[in-house]
């Protein structure tokens, strides 16, 4: 098992690519940069596939995850955080998604970024992101996972602020970074608590300890150690995965290049939170309260973001909010214990959201940088491939059979419906969010591709994107069509292959069989399809005919301004903080205490020197006397045992 | 035989006088001589110990000390000549550039 | 009070007096002369201890070479009486007592610790120049060779220092 | 009385010796001056001193009286200590240097065995060098103290010259020391005693007994040149180069002080000659093999004819005083020779000193001879010669000798 034995190869390749491009790429022509970036990611994708194949073989032999420590990173007392990599079924899914989608997006980027400056820089960052993401998913302990976690945060910051000359871009980068800090803080606290509880941060140790029978499940509404730890971890997840209340950075992250939005802010990074929650599902299952919170937050986010998505005019922002709401779905799934469903939706979402973003990118590329949907329209004739791909993505996300999201979203809603605590409410809200989703997605379609064109022919001459862009589009379109078919048999009483595949990790929990469940699932899926259709019809009703940019007032205005959340945050959090740091931390603490201390030390030294300086009279005789004094002291010390009887009249 | 103590005390006294000259004299050459005087005192102690312990090592040390003193005198006097040339004075208190 | 002790005291007194005069003399030449007297007296003491070779070397090298060098330099620079300046307060007030204190400490240490010394061995332990040279060329041969380097360096340094720049 | 003698012999005998030595040395010095003037005069085809006494034999006496009676002016601004110290230092050191020289084998007289010399130190050579090393101060001090630029220059010159040549002097002796393996002059002489070969056993030729010897001819040449320089004699008498420095370091000295320098110089000449004799010419050893017993009568063989010649010469002298004095001296000499011839004991006693003084006399004559013939060095030549030729040559001599001895050892 060559690859499995040294798993580090998989993350190392992108790192090498990043290093090479970052160090030497500036001088090189695009072709070489391309070959390095694509080569590293592609090879690491192949390695991943090979590793998965080997792992499955290994799993046949002995039924457990593959864990291999490579070297000790931190060893302090009884604490050990090693560079240990782990491979189990959950990781397999994430690994394939990350490397596969990542590779496709690399390919796409070569076309999309062809005319941008800082080409090598972009690919260096992108590879670096791949590296950290792979570390994140392959990590076998929380510390290493946190390394990847922070690393992807860093790359996200770098890539959002890729056009660092644009103020809004760099601001968005900072915003993303800072907001993530809050989440990371929670995450770290969670880690510390876990270490205090289990005296280790290795997944295996922690989960074994947690799954012991004597570890009681903390009942609902009770805040035990595990609950608190899980909540803290979930805070981190909300930060990374843009859940309420920390979602605000994600829409602004659209300032970055579109492939970045696709890769980082739709397909992979933002799902890290979901992955982390799923990874520590054992802890969550022992803390129903936390699960409940997760479910509520996820559900709320799904609905909330969807409502904002309704009225956005920027094509990428619409997608951003849809991402947020889809992530909400995933957390809803995790919250109701359907981790498998969550991961399933994560995968499908990776496909179709990447597809949508890349298509949007293709549209923007075609429109020469135009992002406002009100300045588009009637593009379906001009850019057919993009149009069809976009349409595929839309149908997929809207949840029409047999597209991917139908299955995944369906299983989520089903799980929500079945969950004992307030399941119906969650289901209802989720369904509503589904309706809204299909509405705003089809609104996007109509505004972008139908109706008469609302742009100036003379300035913008629409053209289809090159093959390097459309190729990945088609692949992703295919995936978002078929991605859900793992669960296809479940619909007809068969078994859910995906859930089964993940069962070694999550245990054969959900996908409850039985006639009743079967019929119920049918009903629910029909309801879901109806809901999606409803959204479709409303959108058709509103936007299929000739439309103008509506003046926004009332509810529309509120939504258009995203509930003024940013303004509220600014008022409640940002300004007080700024005031504090300006008037207290800067003026008092830094200028006063710290600088004061430093300068004080310096002044003190100067003063002492000024005092002692007078011994440096330059007069040799004084120096001679100093020598004598020194000699007296030394001899006094040396001869002390002999002398002190002499001095104090002792008798030998 | 003369007790070793006598020699040692004599050498201590001479050393003390050397130190006294070292801090008391102003003429740089005389100060140099004071150093030589201290060296001689030490030599005396060496020889006395050598005799007391019935070994010749003391004598050997004295030879080395003398050699070192000779070398020192050669270089030191060269320096003194330079100093006298540049500063037009042999008074160490007038050669006080070594300060802030 | 046997003859050696008498001789010792005579020579010791000579040495001490000469050292005192070294301090009290105003003119460097006189200080140099007193120092030579000290050295000769010490040489006598060495003879008394039976270290003829050391005594001879003491006079030949110290008296005959080093001090001649001093006298030369004094004559060369035509040094007059030293001016009794007192720029250094420290030396003026602290110098003498401190120096005496240092000498006192050493003397006291010797007096206290001399009990541990073995009684002086019979004269002749050091008398044989042969023995000395044996030691010098067997046990201390490396230091001995090193001293030659030292002297070479000293010669070069003296030349470099003393030559006028031109 | 006798037990008093026995008790304090260690004190009495040296005192007697010292007294004898001092008187002898002073007389010899005095007549050395006479000899010098005579010889140089004859070299320069003059008569030399011949007024005071027959053949000017009483000239030294007159000089001495003159020295004592002359006024002794002291120049202004002299450094008193130095000015007075210098001549004493010179003279005392010069005479002291003779104290370690064995003039002959040990004497056995009146039941006492004593060495033919004052002190018998087992590092007498080193002591000698030590004393000569201190001799520099006399000159340097005199030059500096007398507050006179000529004197100062002379003093500096001579002391520089002395330390420069002292190195060569010492190094040239090392060869001898290597051969003898001892620092005591007496032993050095005894080591040269090669019964069968006579003078070939001297270090000059180096056929010492038990074979470990090597000709020190180079060493001797170096030694003698260095010695002349050491004693500030022609051709190395730059300190008192009249043409440049008036009289060098003793320009400002007059009467007895001047005399002290004078005597000191001659005494050191004698000392150096003795040293040369001891180190290279077998000291008191007779140049003939010990088996040639007839040579023991050589002293009387020389003395008797010389005395007779003096008598005959004296009878025909111009002045009455001469006709009285000279025959007297002649008869004394003849009587001495006869006495030696008749009493073998006295003859044996006299053998060593005879040869010793004969050799020393040769050297002294050589000194005078050179003074009469050679010109004076220039100062830079002097220094160059000392440092660039004499020193390397003497070192080479050391290397040669030690190499040879090593080769003989294995």
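A, B, C and D label the chains in the order they appear, each numbered from 1.
The rule is simple: contacts are C-beta pairs under 8 Å (C-beta built on N, C-alpha and C of every residue); 3 or more make two chains touch, one makes a residue touch a chain.
As the structure is a prediction and not an experimental result, all values here were calculated from the model.
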item	value
Chains touching both chain B and chain D, listed by label	C
Of A-B and A-C, whichever chain pair has more C-beta contact pairs	A-C
Chain at the geometric heart of the assembly (C-alpha centres)	B
Whole-Å separation of chain centres (CA-atom averages), chain A against chain B	80
Rounded Å distance between chain A and chain C, as computed from the means of their C-alpha atoms	85
Distance from the mean Cα position of chain C to that of chain B, given in whole angstrom	6
Mean-CA-position distance for chain D and chain C (Å)	32
Multi-chain contact residues (two or more partners), chain C	53, 57, 65, 76, 87-88, 91, 95, 98-99, 102, 106, 111
Shared interface positions of chain D, touching two or more other chains	none
Residue numbers of chain A (touch at least two other chains)	617, 619, 621, 624-625, 628, 631
Pairwise touch network: line, ring, star, complete, or other	other
In the complex, chain D residues that touch chain C	79, 81-82, 85, 121-123, 126-127, 129-131, 133-134, 136-137, 140-141, 143-144, 152, 155-156, 159-160, 163, 166, 170, 183
Chain A partner contacts - residues on chain B that touch it in the complex	19, 22-23, 26, 28, 31, 92-93, 95-100
Chain D contact footprint on chain C (complex, rising order)	27, 29-30, 33, 36, 40, 43, 52-53, 55-57, 59-60, 63-65, 68, 71-72, 75-76, 127, 129
Residues of chain C that touch chain A when the two form their complex	87-88, 90-91, 94-95, 98-99, 101-102, 105-106, 108-109, 111-113, 115
Touching residues (chain side chain A, partner chain B) in the complex	613, 616-621, 624-625, 628, 631
